[in-house]
Every structure is written in C-alpha cells, then in structure tokens.
C-alpha cells in the first residue's frame, strides 16, 4: 500500500489513468499511485483530491474496494476545484490524501437483506459497498438497489445498473423525478420505490446516500416500513478542509463528519437531522 | 513537553536577577525564548531578549469588552493576568505552510514544510494556558491523524509557568478546575513574591530538564514559610475570580439547540470572530492555495479560521449556518458541551479572553447562566 | 355470479382495498369492471370526463402532460398495486392529466357515478373509500413537492456548457445487441441509438477525411 506520509496534510502524487464521462457534469477518474504502490480503502470512505495550484476537495471513492491497484473517483463538477478536476485528463497528476472517514458496515449486515437507496450522484459513494456485497452475495438475503435521479439523462452508472438489473440475484429499481415520453421506466420519488418494499424490514440493513433532504425522507419511509433506525446508515456531507478532524469545519453536533462520518448510523444522528443550521 | 515525569518538589528561591540567567541559559541551549512584554498598549507574548523585556510594573484591567494596562507600584514582572493572545500563536501559528508543490516534467512534486528551526521556551505560562495546551494536545492528537507539527512543538518546548497571585475580572479558571495553581505540564513553575523587603520567585521543577536548569541557576532552598506564602497567594487568587462558570448547564447546551437565548445573544453578537481568535483552545483552520504568476510553484497554507464566518460551513450551493444565532450556538455548544463528547473535557479553560475581547462584551459565563435560569422552571431537558 | 366472485377476490387482493369489510366490498363489486389496455392506449385524457378510477393490477401507466412541439412530460408512473385517478371525487370531475399505458396494463375500473351514488347512500362506504384515497392523495402531494425541490439538481449553478454524449449511448453502441434484451435496458433507446449510429458515421467520415 502506498504509505501515507506521517503528516496527514501532505498529498501523495497519483497519475490519472483514465477519465470517463458519466453525465454532462459528472465524470469518473481512475488513478494509480506514482510510486506504483497499492491503495486500500473501505467502501464509503473518501479522499481529499488536490489539483495542483487550485485546491483540494473531498470526494468519495467509487471503485471496488477489492481492487487495490487503483483508486476510482466519480465527481460532479459544481465548484472551482471540481471544475478544475473536470479539466484534467489521462496522464495528468493529482494529489491524494486519504482514505478518510467511516465506512458502510457491509460485513455487519451479513445475514440481512441489504437495501441500497441512492439519489443523484449519491450512487457513487454506495458503489464500492454494492461491489463488496455482490462479491459476498451468498452472505445476504436479498440485495436491493433503489435509485432516484433527476431525469433519465441524469442516471449515473446506467450501464452498470442495467447489468445489475439483469442479474437474478439482485433487485434494481430506478426512478426519475421527471421524464418525457421516451422513458419507459418509473417516474416519481425514490421513497416510492422504498414503499413498494421487496425486503424483509425486520432483517434489513439499509445504506442511504443522496442529498440530505432525500436521506431524511428515505429514512422516514424505511422506518414506516418497519426497518429499525439502527439498521439504517446514511452518508453526510459538510465543509471539509483537512479530512482528518484537525480543521473543525465539518463539526456537526458532537461529530466531525470527516472522522466520525461520513457514514453514520441513523439512530445516532436522527435528532440532529431536524435541527436547523446545526 | 514536560509533565509525565514526576515533579521534583524541591522549591528554590530565585532572585529577580536570576530571570536573566534563566533566559540566557535557555538561549544557550538553543531555545527560542518567548514571553510577555508590553507593546501596543497590551501585554503580548513575543520573543524576549532578556528579563528587561518583561512587563515590569504593569498590570491590566479587564472587563467585558474592556482591556487597559495599569501601572502597578510594586514592579512585579508578572503582575498582569493574561495577555490578549495566548501561546496558540506559537504552538499552532496563525499561518502555517503545509507544503510547497513544484511543477515537474511529469506532473508535480510535493515538498514538505521545513522543520521548526528552534524549539520554544515559553516564559510565564498561566495555569489556564497550560490547560489549553493539554486540551489542544488532545485535539491535535487523534490516534490516526495527529498533527505532527503541534505535537512536536509542544513536546520540544521548555515551559516556565508562573502561577497567578491575582485574578482578573473576566477570569473563571477556578470554576473550570484549570487554575490558578499549576499542577502539570511545566518544566519550571514559579510564584512571584513581591513586597517591600524582597522581589523573589519560589521556583519548582516539574521535569528532569527543569531540575537541571534550576540547579544551574543556583538559588537557595526555599523555606517552608516561602512555600506557604506562595501557596496562600495562589489560593487567594482562586477566591478572587471575577466570574464563575456553571459547568453542569454548560455541559448540557447540546440538548438545547432551540433555546430562545440563542436569538437574544445573536441580537448583540457581531460575528466578528474575536472570541475564536483569542480563545486558547479554538483550533479551526482553513486552507489557502497560492501559486506564482507562472503557475509553476504552488503553496498550500493553513490559516486560523472562525466558525463565526458564513463561509465556514459552506457546501456547494450555500452555507449551513447563515444565522448569527446558529453560529454563536455552534461555537459555545461545541466549546462547552460537545467538546466533552469529542475530546473528553470541556473546551473552555476559563481564561476569560473571549469576554474581554468581545467588542460588545458578550460573556460566556453569563450566557450559560441565563440559559440555566431560563431552563429552571421546565428543567426537563429535551431529548 | 362467477364474475362477481372473481372481482371480489381481485379487490381483496389489491393493496388499495386490503382488509375491507366484506359487505362494503360487495357494494364495490357492483361498480367494478376488469379492463385491459394495450401499450400506448389511454386510460383517461386530460380534459375528459373523470368517470372512473383504476386499481392497477399489472403494468405501468404514465401520468403525463402533453406539451405542444415536445414529447409529453411524464409526471409520475403508477404501477401494480397502486390506484390511479382521483378527479372523479372532486367536482367538476374532469381529468387533469393524460394516463397512458406504458406497458400492457390490466386494471380494475370503478364507475364513478355508480360508486358516488352508493357512497352517498351508505356513508360507511363513503368513509371507507375516502379514508383510503386521502393518504394516497397526501403521498402524491408530498412526492410532487419533493420533485419540485429538484433535489438532484445542480443547486442553481449553471451546468457545464459543453454538451457531452451520455453514457447509455456508448453502452448500446458497444453492446453488439446484448443489452437490447428486454430486461437489460432502462429506457427505450431507439432514437438515441439511431442518433449514435448517425453520429458515429459522421465521426468516421470526418476521420477518413482527416486521414485523407
């Protein structure tokens, strides 16, 4: 493994091997350590990506945790740094600090039905956990992926979702907020897919990732279905400058989102969800 | 940093002149000696050339939103209470270079920052300030990702603590359990005794380094009476604190996010961030990336930041804490309440700087008291 | 009576009327009818009389708005186990959207006139039907609000100006027909597919030109 320098604030140079356009504003980058080292992480963790001279941004890892040869990030270009990331191409170099943060407890969910609920680009941080679950498919009851996107054109990892949906051991539901007549899939919010069920609420672990409002409604819907709060996990987002609990920016109640999160067990933070401007 | 070693409890009496010897000896050992001196109508912590730089005959007057130097007739060297800015400036400087990056043929290379040229010798640290160092040591001491810079600067520092024999109007370390007596975290601790007949220091070593240095300085063994005089004066300071913190209510603040008091304090708070800058435990930083004009050399700097700015909580699309009430609540709740969850102690050491340096005199102890008062009738506490 | 018994069982099995009192169910049966809609057939049309509602038994129905000069916008899809249409309860009983069968759809339809009469005559039935409709309407309202929030939108910032081909097009291109299997695709790709082929041809010809 590429050893992190003792100073957690020092980026390690990686080379971009491949850039894949996913959506009009979203792209996936595969990169390898310049020193040829491997990279291990747990599903749900993130890296701080440094664009030379521009700045740094926390981005969740979207690749397969079993593949240590490279690190994969799926990013949506919304700010200055992510737009600078978007301008990079194969062969360019990038600084990486990480991996940081808590992970989706895939192994702790053994024996349960596993339900992934994603919204928008929130599918990216869940993908490593989906890979991990499918690599250990026999350990779970049902594996269900429920995904909501803005429009059919905004569906992330479409090819992969189609492949997953073609499997006999995986249930995939996709819905969009709006569509035109060409679309033959579901239209509606992702909570509606949750409401349809298809899992045993008493023996279900759910991993939820998307905009905070979406996660709130999804968690409520799961609860309504009978899934215990302690079996629901969400991934939070806050301002981060360091990624490792030193800068204080991601303070959220008694937590640093970077260190105690981003993945939180819902029952531990549910109360904080309803406090404004916390 | 000293501390873990057993204190060697042989106190000696140092004459006022011995301080010159102390500073010289530290310099000779390669330390950068920093301590109090008067500048800009305040006692500041700065590099010292010798004992003459110490704020001889200066005291201070501190109240909510008020700080004045006052001449004192006794010529005491440590007759002030606290300096506006604590040792955080030295142990965790306001601007730190994280790394430099150079463009290379294949991409870029990262150069770590240069190591600290000299270890620090801190002259005149107060009990509350040592407590703040302990707090920040934990904050920057995550088991996976400690801040190596802070840990090294603190570990290498030589600390000369001076116990308070007087308390200021904004002081409340006694109620926080952090002072005024110094118990750990020093190489040498001293109590300044000034009266008509003499001006001496009762000094005690707290580490092997301290013991060695005290030996070099000479000094007679302190008599029981001297030691008693020192203890009495420090105990007197403990009883004359201008304020007190209701620590039980302080710890409960996280349970009261919807308390009406937040809106009331927000009506006064200017969100200037002064409190966070002078607080000896506030540790938040941001980063700044700079490049030269050609774009071949870049640097990344870490700079103190304040949770009172709107940008502090920015995530794409907007800031989380747009309201003053939310930002004040964030600061005080973290400092007094959720700090316990994260770091096992309060984040407040009772130095009173945030009270003194608040332009409108918002008083952290008063806010807690007001919340306690308002909570009393319905003392249930929401979950 | 065979017909009635079957309809009764269908009503019982559909989640919407699950657990309904047998007596009330009998009243419902009298107004119910089995219907079947081919792909593209409309269950009701915007502006038309809302004289029915449907319990979808199989298939998917798009609730949509026609936009002149553009493909219709789908507001919501209603599938198996769900109920479709509530304008029949609300005066002036005019449908405000189109409901189009996206797939072969089988549904139980209820005659509004028949049912409203029975509901007026038997408040227990009236209450029972409305009691089941109100949550559905509330959920739909909540869902519409969430859709309005545009949660996955780009936060008001402009999207990157450059237009980039979306991935599904690539997927189909490289698939050699494999993912044309009915279960492999999420959206009917016909037009994008053609467009891609055309675009590819153009690209290919450009390349040739460059090479030449």
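So that you can tell them apart, the chains are marked A, B and C in the order they are listed, and the count of residues begins at 1 in each.
Rule of thumb we're sticking to: a contact is a pair of C-beta atoms (placed from the backbone, for glycine too) under 8 Å apart; a residue touches a chain by one contact, two chains touch by 3 or more.
None of the values given here were measured: they were computed from a predicted structure.
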| item | value |
| --- | --- |
| Shortest path length from chain A to chain B (each step joins two touching chains) | 1 |
| Greatest separation from chain B - chain, by CA centre | C |
| Mean-CA-position distance for chain B and chain A (Å) | 40 |
| Mean-CA-position distance for chain C and chain A (Å) | 30 |
| Averaged-CA centre spacing for the pair chain C and chain B, given as whole angstrom | 65 |
| Sites on chain A at which at least two other chains make contact | 78 |
| In chain C, residues with contacts to at least two other chains | 155, 157 |
| Multi-partner residues of chain B (each touching 2 or more other chains) | 316-317 |
| Chain A residues touching chain C - in the complex, by the definition given at the top | 20-25, 77-78, 83, 86, 119-121, 148-150, 152-155, 157-159, 161-163, 165-166, 174-175, 177-189, 191-192, 195-196, 210-211, 213-214, 217 |
| Residues of chain C that touch chain A when the two form their complex | 60, 62-64, 70-77, 79, 81, 102-103, 139, 143, 146-147, 149-155, 157, 159-160, 162-168, 170-171, 179, 181, 183-188, 191 |
| Residues of chain B touching chain A in the complex | 98-99, 101, 103, 106-110, 112, 139-140, 142, 144-145, 147-149, 254, 257-258, 283-287, 289, 291, 295, 298, 300, 302, 305, 307, 312-317, 320-323, 325-326, 330, 334, 338, 341-342, 383 |
| Of all residues in chain A, those that touch chain B in their complex | 5-13, 15, 34, 50, 52-56, 78-79, 92-93, 95, 100, 237-239, 241-242, 244-249, 251, 253-256, 259, 271, 275-278 |
